[in-house]
Every structure is written in structure tokens, then in C-alpha cells.
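Next, two complexes with chain A in common: one pairs it with chain B, the other with chain C.
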Partner chain A sequence: MTGPPVRSGDAPLEIVFEDVSKFYGEVLGVNRVTLTIRPGITSLVGPNGAGKSTLMSLMTGLLRPTNGRVRVLGRPPYDAELMRQVGYCTQHDSFPPGLTGRRFVESALALHGMPRSEARRRAGEALERVGLTGAADRRIGGYSKGMRQRVRLAHTIAHDPLITVLDEPLNGLDPMARAEVIALLRDKAASGGFVIVSSHILHEVDALSDRIVILDGGCVMADGEIHTVRGEIRAHPLQVLIRCNRPDLLAASVLAQDHVVEVKMHADRRGLLVATRDADRFYLLLNRVALEDGIGIESVTPADDDVHAVYRYLVGGDGEPS
Partner chain B sequence: MAVADRTWKPYAGPLTRPRWRFLVLPRHAWQEVFASRMFGLFFALCFFVPVICAGLIYIRHNVSALAALNVVPTSLPEINARMFLAALTLQAQFGFLLAFLVGPAIVSSDLRNNALPLYLSRPLSRGEYVLGKFCVLAILLSAISWAPFLLLFALQSALADPGWIAANARIAPAILASSLAWLVFLSLLTLALSAWMRRAATARLMMVFVYIVLAGLGNAANKVLDTRWGDLLDIVKVYKTIWAGAFGLGDVADLPVAAAWAMLGGFSGLSLLLLWRKVRAAEVVR
Partner chain C sequence: MRLPSSAEAVEAVQAVREAPWSLWSRQLRAILALEARKMTSGRRAAFPAFLALAPVLLFSIRLGVLSLMNAGAPTNPEMASQEFANFFQTVLLRLVVFFGCVALFTALFRGEVQERTLHYYFLSPVRREVLVAGKYLAGLLATIVLFCGSVGLCYILFFAPFGRAAVLEHLRGGGLGHLGAYLSVTALACLGYGAVFLALGLLQKNAVVTSVGVLGWESFNFMMPPLVKKISVVHYLQSLCPVPVNEGPLALIAQPTPPRFAILCLVVVATALLVLAAWRLRRVEVLYTGE
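Up next is the complex of A and B:
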């Protein structure tokens, strides 16, 4: 018996939630979620109880929706053949007790149907990839938090899944390990896979993701590429920091525009903070004013065009999920 | 064309048979259990009764051994259904101890460590998980119950004259049926307690409770209500009745055999139901 193809040629390469709700008794998990996730890195962001883990459990077949439909590559997520193409790393620091790192990874591969020799080879490779070769034959109980996180990652990627779902994968990792994990996830996405992560470390989400899904109270507040989502938040004009040699002249020119709602002079009088409702028109205006008035511009930086700002505007709080 | 179609390649090598993949769970559990030398010694001790029985059967049919030991065959226990029943009853004590040592940690450790999603997000269903965990205990119990006793029956059949086999033909199915009924119940009960108690030590206490306290309650019910139906709460009496019925030794039974079967079936079904309710990838938060 050999592994069947992951999907037929005409199966859609996407994860689709169609009006999906999940209730745990009377407790709401997610509510009427309609969402399509495509290959690349997608981050789920939201406060505790927002529904991130529920969404992950639904797409990995661990939970079935109360209402609506979930399709992964055109199949139900609990389809056994599909599950062979999914790697899921839970948020819990959870392991069957007493296992060594190598046996933990090998047992997962055996459940995927790999013969013992192949499981041993792949487990070795996965552990090497996460930098745990030296500790592979030690019991997981004696691992540090960062090592446990890395062995879970090895457990998730060892069978080379097309869809990698990771709940808080960067928790407990030191900066070097975080960089390595991010590089690994980028590799997976670059090879054409789906990488779906939830994280509360927003600056890393910002650096990592092609796309974000912001959740709050079980509902999707926004989804899409971060800059696109930011552009659609009309209630909060985009803020742009411009460092230049003549900020007073630039301020006078831009204030005359109807889409510019606020201009603040920087404390060192070498820059401006401009709030605009139309970023595209503002950038065109900036080019024209700089050329016509001979203003030397050092830098132009969007001040709130990141996931922190998007999160703060949509969910509230201080821009950091709890 | 999607990027995935260009570079990502799934594993296309040989796969193990899906039907038997649940055996990964017992295989890893046994590696863990037998890593303890103490358990290894205890498991070896579990073969004490079958080994003594094998010796008895051998000596009974070996004239030179009888002469060397200066023993007359009539002074040795007769090899018949009563002997097999007695040996199996004794062996059940070892079986209970084995389940007491191994069983309570089988599911509780996974639940306590939130490890179920790790299994159930793989190509392994809830049913296969339960079956795999059931096999951890059921196969160990099989190894010390019906398997060695069927070998003893085969040994006796090989050494005895053909008339013995004709007279005792029901012993083999009796060994199988009574052992299976006992080990299915014991495994399911232990797993259910393991799942609900979450801590191995508490599950062990509950095992004792089920065996001893229920028997006490049954006894009290017998006295108060002047009946014998309270014995249906005494699991050991229920076993003994079923086994005596299976071996054709109705005189040993305390209860109607059918009632004992129904009770054991009910206990087993309830245990399975309780186990099934706890084996979920995500817990219901209330």
C-alpha cells in the first residue's frame, strides 16, 4: 500500500469556512464565520476566547461545526486521507508521558502509516531541523520549555504536511529559536504549503504573515493582507511620519487637501505626522509637493499601518492580545 | 497554477495497513510499561499459576517423573474442568493486580496532559483511539489468561488419552469465553475510571471501591431485603457464576448464570459509554 495523492487535480487549494458556528453547550466558540484561507502564512489574531483555537480545531477535524460547513482541499476536515496532509501543533504543553523526543515524533509518523524505518529516518530529520538531535533520546519531561516547543514543532512537520496549523508556536522560544522557527515556517509557505498560526506576539505576526484574520468574540473582525485591512478602516485615518528638511512648508501644502485630517509637527521640527483618509492620494500629493517646493524628504513611514494598529482599532485595548 | 503544484510533494512511499494502525498505541504503551524492571518481574510472576499447572500436567503423565518424586497419580489433583476453573480463578487475582498497576494511567495521562488532540488530529479516529488503549490492557490480560490456559489444555490433550478430550471438550471454549468476558469488562472498567478520575492513584482507589464497596452494598441489600439479588453488585461473584456456567459446573454458581452475564454486559456497556464520553479532542467548557 502506498500513500494516495493528496488531492485530485481539480480539488480547490483552499480551506473554506461557510457560515460556520460552533457552540460548546451554551458557550460560543465561533459565530457565523465565513472565510477562505489559501496557501501562504495566515495568522489568527485575537484576545483569549476570540475563537482562534476553535477555528484551528475545526479545520483539523478535531471539532465538528454546530452549523455551517468546513472544507479543506474540498474535503471534510475529518477525512482520514486529508488528515495525513495536516500537521497540528496544539497550544497546550502536552505530551503523552514518559516518551523521549524521538519516540514522540516516531509515534506520530507511525500513526500516519509510515513504516518503522521511514518513521525513524523522518523523525531524525525533523528533530535535526528544529535543532534537537542532541536531546532526541532524552525524555521530554526533562526538556526546557523551549525544547518542548521545538519537539512539538518537529512532531507537527515530520510527515511534511501540506497544511501546518500551529497554535502559539513561538511561545517559550528564545529570540534565536524564534527566528529559526519563523524561517522554517517561511520555508514551508514558500514550498506552497498552508501555514496557519495563532500568535499574541503581534510584531512577529506582522513580520511573518502574508495575511491576518482578526477574531473577537467568536467573530471574524477582518481578514486579508495587513495593509489592505488597514486601508479599509475608515474610522481611523492612516498616519504617516515624514522626515524632511522643511516640515512647515510641507504642512501648509498638505493641510489644504480635503483627505488630510490632521498634521502634527514633530518635536525636533524635522518631521511631520500626517493623518489622511486616502493614502494613495496622499502619496501622490507628497511626490508633487516635494518636487514643486524643493523639499528634501529623508523618509516616509506609515505610523499605524501594522497589525498592532489594526488590532487596536478593531478589537480595542492596547494593541496586544492577552 | 498554484505554487503548491510546483514544489510541494507529498509522501508517496509504502504505508502500513490503516486497519491495524491503532496498534501503534499499545506498542508504545508496552515499551513504556516494560521499561520498569519491577513491572517486568511482576509480569513474569503472573505466569506462576500456568507454570505450576503445566508442571502438574506433565508429572501426571510422566511415569518416570512420578517414580522419581515417589508420588502416586491419585494423590495429585485431577486434570478436569474443576481444576481449570480453580486455576483460572486464581489467575484472575493476578489479572486484577496487573490491571490495577497498568490500567489507571492509560487514558488519564493523555487527558491530564491534553494529549488527545495530538492523536486525534492524525488519521486516528476516536474509536481507534479507544480500541488502541483497550488493547494495551486486553492483550496483556490475554497473555496471562486464556492464551496460557489454552496451551495447558493443548498440553493435557496431547498427553491424555482420547477419552479425556471427549469428556472435557467444553473446557477450551469455556476458557476462551470466560476469560474474554472477564478481561473485556476489567479493561473497559479500568479505562473508564482512568478517563474520569484523571489521576492514576484516584482511579486505583475507585477500582477498589467498585470491587469491594459494591460487594458490601450488595451484601447489605441481601440482608435488608432478604434476597440474593444483591450479589449482582459483587463483581467477583458475577465472574465466578459466569465461569462456573461456562465450565458446566453449575453447582459452584451463586447466581443465575443468565443474570450474571446480563450484569457483566451492563457493567461493560456502561464503562464503554463513560469512556466514550470522556474521549474527546476538545472539552466542553461550561
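Up next is the complex of A and C:
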């Protein structure tokens, strides 16, 4: 068989970084990161050099921390048996020479100690899942960028890992393939697994993730559910767009509140953009004002309660990682 | 030093019995299959193959020239045995096999780093010791096939100018034993040098300088005092060669090592180097940007 299972009732279902720093000589990779990742989809977001790939390599045992400790399911990440539960799709677009897509995935499963028939079956399933069945028996050297990305994804998921780590998994994929990959990741998370993703595509991070970790300069700037993180950024009041039939009356009512910082009339004069330091109090106020003053409210939408805004406020720049 | 108690001994035996040998053997086979595919598809085995082919081509050309000239063999078979022995030790062993092993074994891990594929192994549930053993065995099989094949062909081509009858008589009269000994020495050279250069490939980023140093040490081994001579691979290989060679007036003569002891020393040293390599591999981090 393929060795003793790592998944057990006693193993803590978490990935823990305890005050972890990683230096490459004098260059800082990550600095005093303390983080706990639990099952679900966690996105690592940050500019180039923020430390996303470093964190991924630390949690998969490819790197060792300079200081601090990493624990994956209660074990050190460079434990060979732990790799049965971990799949890591790195950013490196490189392959062993001379292999077809099928052989590449099968060889990974053979390293798990699987019999050839089992490896072949699982490889076929993984390749079908990423839509590469037709090209599976062609050499990887002749694949397009998108196909190479997909075969690496198949290689990562073929052994059905509990923890799937993906560094820029949507790079080079067309929109349909992206949607398929996102669906695959959601399935993995829904079945109780860990999915840790780094991505530059913030709107997809927004749509995909249960939780984000924002990194900049090797440090964790924010960590948690997007809405929770947004709510804790006090320096930037929450912006709320309200569409209603009496924006002038609404503006007068809300401006009197101490937690409302700014009110702007929308260009079409059928809505207001309100900046408030206390979202909960504002929503309660909105309900009361709407009832008391008879204002018909069509919609209430947070205008900056997303990853773009959170990234912009915490990291700066134009809201997109480079 | 305290001897283990019977309970401890039983525990140790139990641990060995419970070790996942069948898993490790399946993983070893998987590594061998993958490495074989890489060597035949990539460029890793190209230089060793060239080295193995070069002397065969040389002797083929020599045979062709002699045939064209109707010249016959330049010496008698007895002298030819001595000439082949000289050629084997100075050229085949110290150059062809040596540099072939440098090229192939140092690239087993260093090549993965340069090709940015080492992480695939590190992300699999293969113990580092099994990985070292698997890659070493793959390299060993490849070099044995290449260089034993080369030595065997060179031997036959070297004696071919004497004619079929003379060659058969030579083989029946002890030549076959000599051929077997040369092939065994070649295989043991691959075993010894393979372990040296696999370990060097892991211990150093650029093993070229150290490899040249090893070549120097091996080449000037004949001048060293008897005790120092034993710190080399070539000393034990020379002890196993069927025909001794004259190492010149500067050579310091040492008692040849008994064959069984020579083989044992080579195996023990190779094993120790592989253990060192596995220890080093446990500490290797996958960081391609510096390569």
C-alpha cells in the first residue's frame, strides 16, 4: 500500500506559522509572520516580493524558516509522509524532459508508491478534470502555456491532497479554463480541504476566497474574511452607495451623525456616496431614517468592501498587484 | 560502551521488519524509471555516451586502417595484453570512466536544480535517503552499461587485428578472465566514483574545481606513500586489475590490496558517501533564483 495515512482524528486541521522569518542572505523574504490557516479557500495577495511564494514554499517544506516554526497538520512541513496530503503547484514553468502529460502525472503518483494501474486511473481522472485528456499523450514540450499550467494542476491534484497550494494558478488560462479551475478549487474547499492560492487577479480572489492574507514587504498587513478586514481599516471610512428617491433628504439626515465623514451626491442625482467610520451604526441609522422620513431606498451597496479597495488602502498603488 | 539489552535488540529488529520496505522498493523503481527516461530524452547522458563511444571509434578506426594496409597486428598477443592494460588504466579508467562519472553523477541533483525540477521530488512522499539511493542506482546502471560496454568492445577491437583464431585462443587461454576482470573493475570504478561525485554534486554548487582536484589526486596516486595511496579509488581498482602496469621510476611501490578487501573498501566508502549525501539532501532548500 502507500504508507500510513497522515489524516487522523488527532491531527490539528491547521497550518500554523509561529513568528516565522525567512532571509535569503540579507534579503528579507518574510518577517515575523504569525498566521493560522484553516480549511477553506485562503488567498495570499500582495505585490511582487511581498512574500507569497516564500510562505507557500515554507508551508510545503521547500524552504526552512530562518527563525520561528511552521507546522502543517501538527507536523514539520518537510516530513516526507506529509507530502501525501499536500499538493503544491509552483510558479515554475519547468518539467522533466521527454515526458508526455500523462506520464508526468503518472510518475508523480508512482512516487507515492501507487501500483501502475492505480496511478494510471488517477492520472486519467486528474487530466480529465483539468480538460487535458485529448493532449495527455503528447509531449509537454509541445504544449501551450495554458496547457502547461493545466498539466501542473493535474500533477498537483492527482493524489487528492487535503492541502492544495497554488501559486498563480490562473496564469495563462483562458476565461473558460479559469472558471473551471475556480470550480475545481471550490469543490476541494467544500469537501473540507485547504486551498491556498496566490493570485494577481483581485476580482477573482474576491469571488473565490473565504479569507485573504494581504502581504507587503514580507509582513502580513491583514488577515481574515474580506469584510472583517475591511471593517478594521479605520483610517479609510467605509464607502456606501445608496440609491434612493430622496437623496437630498437622506443626505441631510445622515450628515448630522458624528460617524459620517463625507456625503457626495451621485452624478445622476439618484443616489449618495456616504463615507462612515462605523458601518453598523450607519446601517441602523439608514433603517430608521428610511422609515421615519419615508425615503424609498432601492439599493445599499458597499463601494469599497472588496479586495481591490482593501489592497489599495493597505498596500497602496493603483489597487492591482504588479 | 554499553551493549544493547535483549529488549532493545528485539525492538530494533522489529523496527527493521516493520519498515515499509515494499513502499521504498516501489518508490525506488519509480525513481529509476523516471531517471532512465530523463537520461534517454535529455542531454544528461550525452557527454558520458560520447566518452564511452570515443575509444570504441578509435579502435574501430585502428582496425580499419590495419585492415586496409594488410598490416596485421603490430605486436604479439602477450605484449598486446600489457599494452591494453596500460591503455585501460591510463585512458579508460582515469579519463573515460572518471570524467563520465563526473558528468553524470554531479548532474543527478545539480542538473535538477538547473532545470528547476527538483521540487517535484521534494513535494513527493519519498524519503531523502530513498531519493539518493534511487538516483545513485540510476546513475550506476547507466554508467555500467555505457562504460562496461565500451571496455568490452575496446578489448575485442584491440585484439581483433590478430585474427579470429588468435583471438579465440587468447580468450580461451585466460583472456576471457582478463576481460571479466576489466569489466568488474569498470563497474567498481562506476560504483566508487559515482558515490564520490554524487556527494560532491550535493556538497558544492560547482564541483568542477574539486573534481579536477580529485583527478589530480588519483593521477598522482602512484607517487604517494603506501598509507596515503589507500585514500583513493584508483588504488583499490588497480589491485583488482589482471595485468599490473609499470608506473615509472617515480612510483612508490605498495603491497597490493587483497581483492576481497579492495571490493569491501570500495563498497564501504561508497556507502559512507551516500549516507553523507542523504544527510546533506535533508538540508537542501529549493531556491532556483540563485542558479
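The working rule: the second predicted complex is superposed on the first by the 317 of 322 C-alpha atoms of A that agree within 3 Å, B and C clash if a C-alpha of one lies under 4 Å from a C-alpha of the other, contacts with A are read in each partner's own complex, and residues count from 1 in each chain.
Note that a residue touches a chain if its C-beta (ideal position, glycine included) is under 8 Å from a C-beta of that chain, and two chains touch if they have at least 3 such contacts.
Owing to the predicted nature of the structure, the values given are computational and were not obtained by experimental measurement.
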Side-by-side fit of chain B and chain C on chain A, or clash: clash
Chain A residues touched by each partner, larger count belonging to chain B or chain C: B
Touched partner set for A:160, first chain B, second chain C, both or neither: first
Which of chain B and chain C A:113 touches, first, second, both or neither: both
First, second, both or neither for A:27, with chain B first and chain C second: first
First, second, both or neither for A:64, with chain B first and chain C second: second
Touching partner for A:80 - first (chain B), second (chain C), both, neither: both
First (chain B), second (chain C), both or neither touched by A:13: first
Touching partner for A:90 - first (chain B), second (chain C), both, neither: both
Which superposed partner A:98 touches (first chain B, second chain C, both, neither): both
Contact residues of chain A, present in both the chain B and the chain C interface: 1-3, 24, 57, 60-63, 80-81, 83-84, 86, 88, 90, 92, 94-99, 103, 107-108, 110-113, 115, 155
Residues of chain C defined as touching chain A within the complex: 20, 23, 26-27, 29-31, 33-34, 37-38, 40-42, 115-117, 119-128, 282-283, 285-288
Touching residues on chain A, where the partner in the complex is chain C: 1-3, 24, 57, 60-64, 78, 80-84, 86-88, 90, 92, 94-99, 103, 107-108, 110-113, 115, 155
Contact set on chain A toward chain B in their complex: 1-3, 5-6, 13, 24-27, 39, 54, 57, 60-63, 80-81, 83-86, 88, 90, 92, 94-99, 103, 107-108, 110-115, 118, 155, 159-160, 162, 190-193
Footprint of chain A on chain B - complex, ascending: 2-8, 10-18, 21, 24, 27-28, 31-32, 35, 105, 109-110, 113-115, 117-125, 281-282, 284-286
